[in-house]
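Next come two complexes built around chain A: one with chain B, the other with chain C.
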Partner chain A sequence: MNPEVSGGRDEVLLRVRGLKVHFPITRGIVLQRTVGHVQAVDGVDLDVRRGQTMGLVGESGSGKSTLGRGILRLGVPLTAGTVEYDGVDIASLRGEQLRRQRSAMQMVFQDPMASLNPRQSVENLITEPMRAHGKPVDTTTVARLLELVGLPRSAALRYPHEFSGGQRQRLGIARAIGLEPALVIADEPVSALDVSVQAQVLNLLEELQQRLGLTYLVIAHDLAVVRHVSDDVAVMYLGGIVEQAGSDDLYRSPLHPYTRALMSAVPVPDPEVEDRRQRILLRGDIPSPAAPPTGCRFHTRCPYRQQTRCDDERPVLRELRPGHRVACHFAEEIDSGAIQPAEAAQMVGTAPASP
Partner chain B sequence: MTAQLPTLPTGPAAGPGDGATVVGESLLRGAWHRLRRSPLAVAGAVIVLLFVLVALAAPLLAPYEPASTQWAGDVTPQSVPGPSADHVLGLDSFGSDMLTQLLYGARQSLIVGVVSTLLGLSVGAALGISAGGLGGKVDTAVMRLVDILLSIPSLLLAVSVAAVMGQSQLSVMIAIGVAQVPIFARLLRGSMLSQSRSDYVLAAGALGIRRRRIVLGHVLPNSLGPTIVQATLSLATAIIEVAALSFLGLGDSDPAVAEWGRMLVAAQERFGNDPRLAVYPGVCIAITALGFTLFGEALREALDPRQRR
Partner chain C sequence: MTTMTSATTPEPAALLDVRDLSVVFHGSHGDVEAVSEVSFSVRPGEHVALVGESGSGKSVTSLAVMGLLPTRSAKVEGSIRYDGDDLLAMTDHERRDLRGAEMAMIFQDPMTSLNPVVPIGVQIGEVLQRHKAMTGRQARNESGDLLARVGIADGSRRLGEYPHQLSGGMRQRVLIAIALACEPRLLIADEPTTALDVTIQAQILELLRELVSGTGTALVMITHDLGVVAGLCDQVHVMYAGRVVESAPRRPLFARPRHPYTGGLLRSIPRLDAPRGEPLTPIPGSPNDALSWAAGCAFAPRCGNRIDRCTSQTPELAAQHAYEPGYEQALRCFNPIGEETS
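Moving on, here comes the complex of A and B:
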């Protein structure tokens, strides 16, 4: 997957800056008062390069879906920030302009059954969006799209409930690429599927990327899934990106304590690496985004937490190595081993994970 | 855009999918198959069908003219002639042939039930669709109105309408229909709102399908199930409510007109001596209402897309 940089075109297809999505919390039935905000996404910067796959990982509740929906303007309020698609700010688009823009940016949903209208035949569900965007639809269109996602032509006259989970997800993908999008945001595209078909669907996404030159933002709570498909990975925690790097770089040398904790939960196939590896168990649950911790949002669970700065100063993403950015005040010291995790009881193994 | 569909290579991208072998079956056809397999649904459908046939063919089936009181002389304050060769089910308290009255009563019930339900359904659905589809201020305004209508007991509402419009069959139908408006409005709005929150509506938005098309083409069809069921059940209640309105003296002004509720009321004073006068129309009302209810409930199950056996 090479970046398709041609004719001085910007290498970055999607550029997100300072994106915030805050959901108001209201009280009262007749006179609704806003008593606070769920800060689901709170200041996210993200660059997705053309023709590449950006993986977005984080625990459930860290705001990944909300970020994806914020970028696509899907039923969530944009509190602040800009979303630049192909050099154009789309955060200010409204009504018909926004609707037209949608064909360029598509979404694949987590629950393939729920995201298909049960009363729509396959043929209908594929052609309806194409017609809505004035795309030519002829007798071979549906068959071609079905073949492209590995379904038989005969599927055209059937209904969603007649398919298996994996096949339904293929339908969702066929419907999305029928609009010839350049960017596809896949929100946990395989987490609702049987393990046996997860790889098939991920492979399909990869093959489509190569054939159609698609750019992906793939959301997952599972690092193994993201590693499989991503060129770059962004790690999200409680509404913010805490680390972002090339996929290999991130897996070889994670810098943020949260990333290290996520990694330590995934088994490594290499037994030698597996033995040297640190196991960091995360204490407790992710805090509520309605009242996020002050300073570093991870400080309530961070085993490397320091007396200074962590509690009262919010770390910004800074580039520690080329293309590797991290939001932790003490990333260098943690990386060099100068700072050790506070509670030894949480740790299994002796050597630090990074070389 | 980088992707150009017309130049796409053909052929499967990731090998054959996890093969689907089932033959295509639309939801409606599926619902029909499920209906046929449920004995209660079949029983309900048979009753409903019989009722409709009888109602339509009453003039052919009835041995005599309806509401003809030519045998009124045989009726005494103490007793009404029972079954005989001429009158299989005997006479009613006005001296008409019981069987004829019952057959024509079916016709009456069907007309009142269908017209009033259609009335309630169409006005209620219009309100519900605008509230559920447009949302915001329209929704608030419509629901206020519906709340007010709902806060009045339906019988009182029906009585007021009948009182304003005067004693006639039309006013009975309007009265019953008006009382059903808030029920349909609320039901349809509720299911539209809950459908609106589902993923496929979100997906339709993401695909750039126009709002109007999403509401009318996706949300509405998926919200109709409960409303269709309610309409079927409403036919049953309408038949009973006609009886209630007749009891309160708000029905058609001609007392001899064949109408089951009316017959029940007339039979009341003779219940001690001739219980059959009440039993016949009572059983007719009960069986018909039961038929519609069974059919409606079975329909509810059959229309649920998740219900697959």
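Moving on, here comes the complex of A and C:
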């Protein structure tokens, strides 16, 4: 059962259902035996509406980048599930059909230095995708793209090393939007940049969305960044989405214990807030996706874990409030305060425990 | 070797006092001044932050204090006094005795600062054997206790593990254990949580807070993250292009930033608790655009408060009326926020 996003007021551009990406772990040199699977993405449902921004947030190992690449089929074989883009199932496309489909879905990568060929001029770099897809290119195209991303026209004849990190990310964005895609997947678009420059790139992404009507899937580990740019936010943990809600709703009333902990761990640049807030410290690290815990994948670190059900039964995403879905057996009880965190959880901060 | 019993002396004399520090690197394309005119002091038990972006000189400053800069290519001038002694006048041998025992450092990336082919127990034990003249067996026992103190359960059983067997958070805990092995009076943490996930970052910051508070250990936190500073540090020095541009205790710094760079940084970070939909106000340009301080203010090309004077005259770091007694408050700006002349 896949609960549809409430209302259906907007058209869904990207619909992901039951997506699984498992990487085989092999042993042996000549005769390779598969001895297990890394369950990087394990059963994800996601709807991205046209013209909106969906934020995907999670820590390292949560599978957020693999999910992004899986949607684009970028070197990631899908194990199961469907990816429907504008009504077309791209999970079953092969070869030339897939290649053509990709012109409508582009990606912005994390490290602009690693994703731009240092030996190609800017002009070459940003027109390459267009040439590859047989789109007409002339000098005005380059000038227009540079203008769109806020770079001077003179940049066309220069090389990547001549630019700062923020400018390189602008080039990466110019490359992505040249094909006039409807969907842009941005994987950690600002995490490699200096703090003072991050805001420039975030503002550029928003401006381009308004000018070109783009739909974004923004993948990042920084909850504050994701919340700032996204209309909806999905929180991933160990290969699955644990909570999905409107951006403000998620911040005001997070329902999943992991989201709560994540939110309380993000430092706020304000001493008044920092001194008062209460932190939920999670114990230990994210488990290995090669051997995920049984039942709820978060139960090994969850301060609200309840005997046996959390260990045995994997919770499905269910809609608790309109547009707010959570994968937790006891979300209502935790929200109402009927279940209190176990003593094993470390709560730090001066504020009194609030339900 | 001195063992620390109670470093919290009633006398608030500075444990570390840096005055007019400058670091010049000799390169094949001429000399580069990475840090200049940097002054700050740290008292026992105090938490001081050096905040800046890449190229601001914050890491070079900490390496100069630790004496870890290459002597042939880096020229360090000014004065660095530790407990009254001038570190720059000491021999390499004397500084080596201080390092690890009296002052210790935690680096950003635990994978590159731990030796990958040596078990962690040996790496912790070697500090103890070197500085506390312990025997191998004593060091081994102590290492297990240290691991337990930094929150690694079953510490003594894990001494034989190698760095690659540990997660990023665990490795950072091992580095902290090494740094704290000899109960240093000064701990320098250079971006200790930048490579970590946010829930792990919260664990490590809490651990640092726990280990440092109450022992009188002075902490110098080097970071680009104003959020980390807000919850941990008493005194903040904001650096830009190798110089301190604003010094203040954390509350006034965050509530009323005076330097346009500090203000710009605070306005450009998305805040989790701020109402959504407010556009961010970025600082234009990038840290690469910094001017030379000789020609004026290095931040002038990116500054919204720029006046003519900013590009013709070099601003000095001027002491300000102290908001809280005992703290340093200073500003390097001709046209600060709130007192604009034009």
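Note that in this section the second predicted complex is superposed on the first by the 322 of 355 C-alpha atoms of A that agree within 3 Å, B and C clash if a C-alpha of one lies under 4 Å from a C-alpha of the other, contacts with A are read in each partner's own complex, and residues count from 1 in each chain.
Operating definition for what follows: a residue touches a chain if its C-beta (ideal position, glycine included) is under 8 Å from a C-beta of that chain, and two chains touch if they have at least 3 such contacts.
Owing to the predicted nature of the structure, the values given are computational and were not obtained by experimental measurement.
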First (chain B), second (chain C), both or neither touched by A:263: second
Residues of chain A touched, compared between chain B and chain C (which is higher): B
Contacts of A:121 with chain B and chain C, given as first, second, both or neither: first
Chain B versus chain C as contact partner of A:166, first or second or both or neither: both
First (chain B), second (chain C), both or neither touched by A:285: second
Partner chain in contact with A:197 - chain B first, chain C second, else both or neither: both
First (chain B), second (chain C), both or neither touched by A:227: second
Chain B/chain C common contact set on chain A: 164, 166-167, 197, 200, 203
Residues of chain C defined as touching chain A within the complex: 53-54, 167-170, 197-203, 205-206, 224-231, 250-251, 254-255, 264-266, 268-273, 276, 279-284, 286-289, 302
Complex contact set, residues of chain A against chain B: 4, 50-51, 72, 74-75, 99-104, 106-107, 109, 111, 114-121, 128-129, 132-133, 135, 144, 147-152, 154-155, 157-159, 161-164, 166-167, 170, 172, 175-182, 197, 200, 203-204, 207-208, 211-215
List of chain B residues in touch with chain A within their complex: 1-5, 8-20, 22, 24-27, 198-200, 202-210, 213, 218, 221-222, 305, 308
Chain C-touching residues of chain A, taken from the complex the two chains share: 59-60, 164-167, 194-200, 202-203, 206, 221-225, 227-228, 247-248, 251, 261-275, 279, 281-282, 285-286, 346, 348
